[in-house]
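Here come two complexes built around chain A, the first alongside chain B, the second alongside chain C.
The block that comes next holds the complex of A and B.
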């Protein structure tokens, strides 16, 4: 009898204290994550604010004052108005867009084709799979050096072309403005198709096999199955893959810089290369901050748009 | 409309023979259930009929037409998958329209057929709902409708009720049976649930270990199992089988069950065939047919299961265990001794070595 009463009493206690528990848990959670939150604040919010601050000044590391005193060089929004009129900036942006419009679709289509191939079994699949993923694991700087060697006028690329057509080939890949851009794009496609392939393969194997079989039984041919079942099912993952590559490709730098240094002239100067040059050669950091901030805003818009599309893809039936 | 004829069908996966041999004729418009425990080869058989798998040897005929080499999209077979395989990214309408759309039917024609099939399956108010948020019975109807719109001569259903809870299963069974009457197609239904097979099928093909054990109407299979496997598999609980030796007595031929005593005499027809046999037999009778009697097998009650209206009484132990099902509580409790006897007409005898049923002469 007393045991029963005790249980009831305990039950009542539980009922009374329950609403307080999540609150207490949340407070404890907050305290426990506080150090991490402060760290995050410092590595994301602080640099952003600092950048915003510097971007409205003429501050440079050579100006003799600490960055916190940059307000002395306040130039009202001159950096931003300069940026709007900076033809080198706009042509770098245009070049970056061209690289992106060629590389990302190429990587996507190649990746999708490879993923479709690898979704089925074939002899030697594991070996090819490992080989295929290797470019992704090469350090971009090393890849840049590799392609720099490959595209020399006396290099292997010309050698192979010569063997194919039978006459000696001496194309100066990296010193011709157009060819240099093509070479740089080939390097990017080589290095990043595997990532696209990997993401798309993950999406492809996630397509339910029985739905594919059902489609076949209903008379759909392979192409119809691909367009009506596979693609709609992969929509979300395709958007993720494209968003990752668009953002990464926008920042294309290491491989490219080692291959051409942005040259010949400014023929392969993308946004990142331009920023790098302004930072290390011209040392106008206030201006650099303004450029970087402008780009951050552009990329954020791309990311938000991609996420919106993704949410929509999940809601609306195809 | 189409009959199905399986001729010496076999299927091996490497060294494993999933289907050892299969000869089966399914009549036009018949509802045939392939029944058996997991791994008995029933799904393999179904997949071969659908064309998802190639037979290792043997033939599949639809009517007179040999199906070898005919791809699955061209067999005119409707297939309802275990989990229905509804295209979750489409609406109900798009699911139903999928087949005709892939065959390039005209828009107006598709609309007309979708409307007709939706009306028949009572899916009209749900046509524009997205297919990933539907309940199972609606999914089942969409799955059937999606296949039925192609007007297949043959419908294959692969354990469509196995994902459904018990209460709902009864509803779905009735619905399926009604649908089959509506469409009048040949239906092949794979299941491991005898209740489904018994209630819906015109005939049942019982399979085990890649071998067809018996084909017959539900009652035939229940009343006259061809062998020990079918006897044990069909019925819940399965048939009681007691090993013993035939012996003559003054009342006629009985089976000497050793420590359990002797059985009541076998009916004359059965007795004459058993007399001609040698060796031990298995004395079989349905738990449902056991009655408490004056004379019979006297056994100790080891366990009593009360499942609502019915009571299952477990008698004896080990080899000689017997289950008896009574429609009402007979008032037996553990430790008591009960005298039970099956009516002579319901007794079945099996050859103890081959397991094959002994027919009355």
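The block that comes next holds the complex of A and C.
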């Protein structure tokens, strides 16, 4: 077989790979991973360098020179010092944090409560389960439009409130700074509680039944069983679920932008909306590149941490 | 475990409350899609929960048959945006799935591409907004702006992490005896992969592809930045369905929203079993 000669020719490479993997496999493996490697490189290395380059200039698509000539507009890190002083950026970041600190815990607690209710079998479970998962499959932009309609002053939310209190309600939800923020958070919680429910239920089902029975026999009440057996067993899963939602919630854009466009004023302007507006309206792309890079660096640190957690979770037998 | 009667009552009450909250927004859109223009936006007392005179006029309107009630003429119908969404999502899924499946097999069986798992997770963590400037410049340079194939390429890259991770866990779980037997029989490794492994993995491949398709179909932000006129996708087109004369075209938007929402919901229910695995990058299996 030709594999023999290849082994001699590539003796060095063979020493590095595991003995169980002959070089035919190594070469095929290399070829199979090549397209993915090229795509990753195509979207990371070159764009990052370009971003780094543009971020130290005043370049904009309207400046009349190609991006490669952006050095003519070198502004000696002014973008980064501007960023530090940009109150609109910092308040967008703060708003993103507020949305996250309200939405993620709310989604977690609601999802956990629902998952607890679904832990054992009961009639109708499968149908209820499918229905409750539906929001997360609705296209976020469409969900944004649904909630845009719901929160109109003549819309169903006010109608329900009116039926409860008995007098007509005409709250202009999306034109009030505070209420608009609450409305977009409600939409996010509606859409993503099912995800928490789904993941937490998968974790809850993995809690061993016999331990629960033993604890019951020993006289532990449901709350004690929950805090001493269920929660510790689910620790990693809870961390994964929270990590996913924190990451995705940080990017919040679609629903929110369709509901309010970041308004009224800047009342619901989160970091993605802010970058979007600066990109498409102000067109100062050099500055946007600086913001984007700053965010990417912070998130890379988070990425490594989350990755380690997930690798750890995979070692735990399911 | 036997539960008490009060608990069962509480459970059903809680679940029905949750289902009401879940369904009201969806049903409101469904109802709106079939309402004639007179019932679209009533104020206070005469708010219509269910269409009094159900009509298909909204659907006809977005597909270009003008109705007497709506004076506005559409710039172009919803047909092309639907086509754009479909083409970009299908081909984006094809790109992600072929590159992802091949790479997942390469890593799972031969240990190649050890950098990919972390690199791809990082790719997913970044907000698309934070890498869009270079992408917009590159896409303009490659003449990919405002084309469905340009969208398909970026979708393929954006969803590659999911395709890769899903397929990797499927390959990791798959027993290797059959592959090994074929190797002993003298099959080349490539033949084993294409003729034995892939056909055996048809069901997981289909689930992963549906999962990736849902993600691509759901995009709004990328299409908003990369398409302007010719190949706008459904969500971008939807936003244009309002005019200074009529204000928000509620019914038309709801009709289109319904068209956009149905495929992923059906597919999502079909692959329910694999949702946890897909959403947690394979960290959790159900």
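Just so it is clear, the second predicted complex is superposed on the first by the 266 of 318 C-alpha atoms of A that agree within 3 Å, B and C clash if a C-alpha of one lies under 4 Å from a C-alpha of the other, contacts with A are read in each partner's own complex, and residues count from 1 in each chain.
In this section, contacts are C-beta pairs under 8 Å (C-beta built on N, C-alpha and C of every residue); 3 or more make two chains touch, one makes a residue touch a chain.
Worth saying up front: this structure is predicted, and the values here are computed from it rather than measured.
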item: When chain B and chain C are modelled together on chain A, clash or fit; value: fit
item: Touched partner set for A:233, first chain B, second chain C, both or neither; value: first
item: First, second, both or neither for A:182, with chain B first and chain C second; value: neither
item: Which of chain B and chain C A:202 touches, first, second, both or neither; value: second
item: Touching partner for A:246 - first (chain B), second (chain C), both, neither; value: neither
item: Touching partner for A:266 - first (chain B), second (chain C), both, neither; value: neither
item: Which of chain B and chain C A:78 touches, first, second, both or neither; value: neither
item: More chain A residues in contact [chain B versus chain C]; value: C
item: Lowest C-alpha to C-alpha distance for chain C against chain B (Å); value: 8
item: Chain A positions touched by chain B in one structure and by chain C in the second; value: 213, 318
item: List of chain B residues in touch with chain A within their complex; value: 50, 52, 72-74, 77-79, 81-83, 85-91, 94, 98-99, 102-103, 130-131, 146-147, 150
item: Partner chain C, residues of chain A touching it in the complex; value: 17-18, 21, 24-26, 28-33, 35-37, 39-40, 42-44, 46-48, 50-51, 54, 67, 113-114, 117, 120, 122, 128-143, 145-147, 149-150, 152-156, 158-159, 162, 168, 170, 190, 194-195, 198-199, 202-203, 205, 209, 212-213, 237, 240-241, 244, 247, 250-251, 253-254, 257-258, 271-272, 275-276, 279-280, 285, 288-289, 291-293, 295-296, 299-300, 302-304, 306-307, 310, 313-314, 318
item: Chain A residues within the chain B interface of the complex; value: 208, 210-211, 213-221, 224, 228-229, 232-233, 317-318
item: Parts of chain C lying in touch with chain A, wherever the complex brings them together; value: 1, 3, 8, 11, 14-15, 18-19, 21-26, 28-29, 32, 41-45, 47, 49, 95, 98-100, 102-103, 105-107, 109-113, 116-135, 137-138, 156-157, 160, 164, 188-190, 193, 214, 217-218, 220-221, 224-225, 234-235, 238-239, 250, 253-254, 257, 260-261, 264-265, 267-269, 272, 275-276, 279-286
